[in-house]
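Structures for review follow.
Below are two complexes that have subunit A in common, paired first with subunit B and then with subunit C.
Up next, the complex of A and B:
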């Protein structure tokens, strides 16, 4: 044995060093995922657009009364993506719409993840009565067709941005719950949980100290996929007129394009930009999610 | 003194100062058919009517083939599994039907060491966090602070106290088992159930860990239930040994008697398989080979469960279950035809 005295670092310092190393390792393997990087770049562009929207186009651009362009005019130098039925710039609408779409997508995902993780860990950890009740509830939400449930909820709650977020959040968690439950069951079978029980560790100790840290990577990978679905759902609900009527989102743009005869008028500039943006963002989130899954899932390595 | 109850089964020589007393404990795992209603179609009879007691400072070895129910017995005694029938007493208190919450204070008194030193430590926690978990969980605040206590414990089990910030994957198997031991003794328990504590380790490391366990036993007057399949390790550490076969105790006696004068044919066969260091003795001795496999615990043989592999089996063995009875002073066996040459 060497006799060099190692100065013990504080627990926090050690944890910080290890965390930094773990992030470094993670980034090194994520960088190899080409699709993931492409998705990340697309996302960065959209996030930047959403954050800088007020700088690019003042909020006046969204006011119908302040519209300066002709009605449903094709792209010109003044309006690069043409105008809508009230003469507003479609480009400004698309840029501003990204704010709502991203906000709803991310906020709804946070709700969905929280419910899914809680229910998943709960149903995996508590065998017997409570566990099977939670599992049945998950099944119930899983088999109910999403759209009718979301439409019913949105109608009951009324149209507002918050309600759209809530509706999407409370209808999109069962997949996550299933995934988390499976992982919880696998963690629960590991001997260190039995050891925790021998020490007299309660349910909370077992779930927070042992199960949750082992489930988190999976939840994170799942998050990006859920964001994609949530954005699509927001577009769907807005297209059906269930979104916030006072805010422009890509879904509400598609809705008004459709109801104002943009299709029969051949106004492609009104339909394509929001549609393509939805496709691009959803694709980007999916690409990142798949890449994360590949990096974090040991079986895929 | 043999206590035989109305069912005619052994209750062990009762010792008044017993720390742990296990009386006719059974553990059945139900087998359910498919479908929603979970119709019960049978039982895996993992542990069947086992009885033993342990006094403070004593080591009871439990040996048997894999699948004989020795680990299930250890987990049932620890109340990690609820016994199907029987009675478990700890320091005279009946703990058989205590709930998980009611067991929590008792966890300070009875601890467990696990077989696999790799998977029984959470890879995401530092050694310091792992060893200090008992204090946190039980709400015990050592006078000198948790960290000083943890470092003391690490030194006590032969680990470098400066390594408390390391993670389990930075340690060898033997060191990991020492971490598990430090954690088990943290709250100064009176009883530790060791479930195959050395079978995952190299032979050279096994001896160190067994010696550590013995030192700790002397220091803290610990009682061990030492579950293992390695007969020479068990012989080394045990005061008394119980031999299990298919969920039942076949023979229970002082360690030396089990090895030098086994009365049950199964024990005899087991001990005859232990290699002897002396080549002449090795060449000259009789070796009993058991044919066949362990029967299914779902549908055990009638009468004596060992009869299907026993070289001495007769008609009686299929008809009547042999009871664990005192065949020689302090030496209990469950056999109709015990090895006569060892009967004194």
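Up next, the complex of A and C:
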């Protein structure tokens, strides 16, 4: 055959094109959010810093026994941000600290999002017994104050990096669950779910193919806000001495600064850098989260 | 701490769907709310019981870590913990406030210890809550009414930055600035405690001295909390400005100031007032670290000491106390809001 026929596009190709167009539209409106872009830039810098930390400063910089500087000395040319109580470079500690803080923030958020989305969709989808039990449990966990609960859990579990992640993850999901539940209820009222039910779609099919994709954008916006809170929580728990004692994070730096008299020594170079990093990263995640909400929430347009 | 906008959104459907005076008056609502509140309290009690029992490890080792106990006490403790879990649970429900084990650091019953530390926390937290709510709401009203103005953009920037700060770090920075002193400026505020030793707390001089000690920790918590109130107040006022009744009010010829004060603000206040009560849980969290930084002898500092011990019986009691006060605050918040706004009585 020599005539060229128009090959009908496969369903998969059509879906790919539509998806690409949707992402394009999303990016076009996100780009107009100045705060969101600023947040993205800050985050890119910190992620780069965290990934390249071993290249910038060898791990020897973290060893107390290898420390070369004077104790709690103000910034000099050799130590641009001064030294800590054992003579280590504060700059090296801050750069290495970004790894733990970001890792804990993101990993804990993944746990929290998974539980929150599952419980939220479940309690919205299943009316009757299971739904109301899930809703009750969400409400119960919502009222238990976060930090006392996290402290109790961390004390009982013991302090390690994994435990900090788990503690923050399992204590911060109820807000997400409530949000997802509200969204699920509104999605479930739409006609295409009725259609799916009529055609014999099971619970799993309805939840995974219809409800979840419609709830995801909201979860995404919520995720960035949750990372911000998780990083703050990590800082707080480490400051209280409940973090991993063998790893440097911004929170554990603030803990040692406080415990070793950096305040009365007026050692601002030890206190300011980790705190400012926390503020920058948390602010960046918050800005991105707010920008996402603006883009995804039709009311704001 | 949760972020303001995410927190407010889900409240709206319930407010909108509640048919006005549909299901009885305030009394009936309060009754139902009390009932679910009791359910929540029961859950907290049960959770508190199992949290410290079902986790791996020897409970005796957990309870007595960092403390020498004589053999007789250990045997007594082991006998209690060796009873069937059901019996233990019933014993616990009879009197949840006696764990049977003294604080390992103070060697006194835990609730006696806690009693000594309640008052300073109440003073600090109520001062900070009132100040942050008043200042935060004022900022939010001004910013939200003139959305996009210079004031709005500046105040949103500042409040978002304050929101991103760990409270205790802000406290430490304030301590260095105003208590230790920087360069030529000497520190003018005390670095910790509630009163200069030797002063009579009830004399005029003593009261002023206590206010002097309160200033920095209260300022820290106020700055840390006002951010959320300002953000929530702003966003709920922005929501109100889209409502049609404001067009009506303007069409009547009301001055802009009166439209704001009589129509928009009262409606927008509701989510913020709810938040002030609901925030007690977060306020408590902030107190733990800030009291530690300022050596303020309240429940927060006591928690810190209990963590560092670790003093598990004391920690458990503090957890119970904090959780129950938050549950009570939630019930009060819901009933207060229902009294003001009949729409939420569902």
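In the analysis below, the second predicted complex is superposed on the first by the 295 of 301 C-alpha atoms of A that agree within 3 Å, B and C clash if a C-alpha of one lies under 4 Å from a C-alpha of the other, contacts with A are read in each partner's own complex, and residues count from 1 in each chain.
By definition in this document, a contact is a pair of C-beta atoms (placed from the backbone, for glycine too) under 8 Å apart; a residue touches a chain by one contact, two chains touch by 3 or more.
What you see is a predicted model; the values in this text were computed from it and never measured.
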For A:275, using the defined touch cut-off, is the partner it touches subunit B, subunit C, both, or neither? Pick first, second, both or neither. second
Now for A:87: first (subunit B), second (subunit C), both, or neither, which partner does it touch? neither
In the three-chain superposition, say which chain, subunit B or subunit C, touches more residues of subunit A. C
Thinking of the overlay built on chain A, is A:196 touched by subunit B (first), by subunit C (second), by both, or by neither? first
Taking the superposition on A as described, I'd like to know which of subunit B and subunit C A:217 touches: first, second, both or neither. neither
Please work out whether A:258 is in contact with subunit B alone, subunit C alone, both, or neither, and reply first, second, both or neither. second
Which residues of subunit C touch subunit A in the complex? 1-3, 5-7, 9-10, 13, 36, 39-40, 43-44, 47, 51-52, 55, 57, 62, 160-161, 163-166, 168-169, 172-173, 175-176, 180-182, 191, 280-282, 284-285, 288-289, 292-293, 303-304, 307-308, 310, 312, 315-316, 318-319, 322-323, 326-327, 330
Which residues of subunit A touch subunit B in their complex? 6, 8-9, 11, 14-15, 18, 190-192, 194-202, 205, 209-210, 213-214
Show which residues of subunit A lie in contact with subunit C when the two form their complex. 136, 139-140, 143-149, 151-153, 155-157, 175, 178-179, 182, 185, 221-222, 225, 228-229, 232, 235-236, 239-242, 251, 254, 257-258, 263-264, 266, 268, 271-272, 274-275, 278-280, 282-283, 286-287, 289-290, 293
Subunit A-facing residues of subunit B, complex: 78, 80, 100-101, 103-108, 111-112, 114-116, 119-122, 124-126, 128, 133-134, 137-138, 162, 164-165, 167, 180, 183
